[in-house]
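You will see two complexes here that share chain A, one where it goes with chain B and one where it goes with chain C.
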Partner chain A sequence: MHVLRHAPHGTIYSYEGVEMILIMATYEQDISVVFIGDGVYALKKGQDTSAIGTKGFAKTFKAFDGYDVEKLYVDQLSLEERGLREDDLVVDIEVVSSGKIGELMHEQDVIIHH
Partner chain B sequence: MLHTVNKSPFGNNTLETCIRFAAPGDPILLIEDGVYAVQAANRFASLIETILKTNPLFALQPDLTARGISMIASGVTTVDYEGFVELVEQHRVNSWL
Partner chain C sequence: MNIGILVKEGPYNHQASDTAYMFAVAAIKRGHRVDAVFLYNDGVLNVTKLMDPPQDDRHISSRWAQFSLKHNTRIYACVVASKRRGISDDIVIEGADITGLGTFTEIATRNDRLLTFG
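Moving on, here comes the complex of A and B:
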């Protein structure tokens, strides 16, 4: 399981997380991805980084499907705290409670935070 | 599952996030700047008290000593590096970086 917890453009954490997910997916690892805290901002629709000179990667989430990365979860409270709804996100993603994410974490062999 | 937190709670919400997802009974180990959370009588005293009702809480002694923290919240267990290794041996690790 990969856990994205940082906002997308202020630091490189979430971008590196996405790269790592794609690399691991090419090795056919069974991957799930969870978005928590500011990590949910990576999924926000309408991001345009052309004026800040960095590579935007929001569209990459749409490619996850092609890499068989299909277990995507977003923390409901993190969305609510930021005034975001499922409609605001670039991909169809399961909105789940902290309790459910806690359960999923317990099922993992390895958890990597980004 | 063992949760480790290495960020100060004053500059970062990692501890609070970790608590929200940890299952009751999961041990939580504070390391590096994470140990500032358990200095006695700080702003997080009530949070620490709440955590201790459901989860065992550990702090790494060498990191406490390095930071001059000698008075820690009651109920928190200190461990040395050997204790750290024992915890890691007993649990899968969720490292909240």
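Moving on, here comes the complex of A and C:
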């Protein structure tokens, strides 16, 4: 399981996290991705990074299913705290409670946070 | 217990590398085995030979080199993260290799625990 917890721009954590997810997916791992805290902003529609000179990667999430990365979860509370709703997000994603994320984490062999 | 270590922050700027090092030493002292250390994000900067801190400070890359030699633990830096930051084969310490995330996938899955620092 990969956990994205930082805002998409400002630091490279989420960007390099996504790079790692895509590469690990080619090694036939059972991958899930969880967005918590400011990590949920990575999913927001309508991002435009042209003025800050960095590569936007929101569209990459749409390509995840092509890599068999299909277990995507977003923390409901993190969305609510930031005034975001499911239809603000670039992909269809399962909105789950923090408790459910805890349960999912408990089932994992490996958790990598970004 | 077999342990893999992931370091995601660079030297000096962040405590992660120091904590990872101290953890690794303590784990081995307790009889555990540190299988490998993998460096990602700014973590790849921990193995450059070019760092030259003041003499009264710890030398973080030399310390990792000595650790690797003493415990026969390889240190791997992600190639994509390394290229981005100017880390190449000719400037990395003894005991470190630049490698792909396939290596990391193996480290993460073959050990009893993966511990992330940073």
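Please note the rule applied: the second predicted complex is superposed on the first by the 114 of 114 C-alpha atoms of A that agree within 3 Å, B and C clash if a C-alpha of one lies under 4 Å from a C-alpha of the other, contacts with A are read in each partner's own complex, and residues count from 1 in each chain.
Everything below uses one rule, namely that contacts are C-beta pairs under 8 Å (C-beta built on N, C-alpha and C of every residue); 3 or more make two chains touch, one makes a residue touch a chain.
Nothing here was measured: the structure is a model prediction, and the numbers come from that model.
By the touch criterion defined above, A:Tyr27 reaches chain C but does not reach chain B.
Once the two complexes are laid over each other on the shared chain, residue contacts for A:His113 go to chain B and to chain C alike. Applying the stated contact rule after C-alpha superposition, one finds that A:His2 touches neither chain B nor chain C.
In the overlay built on the shared chain, the residue A:Ile12 is in contact with chain C alone; chain B does not reach it.
In the superposed model, A:Gly37 makes contact with chain B only, not with chain C.
Of the two partner chains placed by superposition, only chain B is touched by A:Met105; chain C is not.
The contact surfaces that chain B and chain C form on chain A in the two complexes overlap at residues 109, 111, 113. Interface of chain A with chain C (complex): residues 12-13, 16, 19-20, 23-24, 27, 29, 109-114. Within the complex formed with chain A, the chain B residues making contact are 1, 13, 17, 20-23, 92-97. Only residues 6, 8, 40-41, 80-81, 100-102, 104-105, 108-109, 114, 116 of chain C touch chain A when the two sit together in their complex. Put simply, chain A touches chain B in their complex at residues 5, 36-37, 77, 98, 101-103, 105-106, 108-109, 111, 113.
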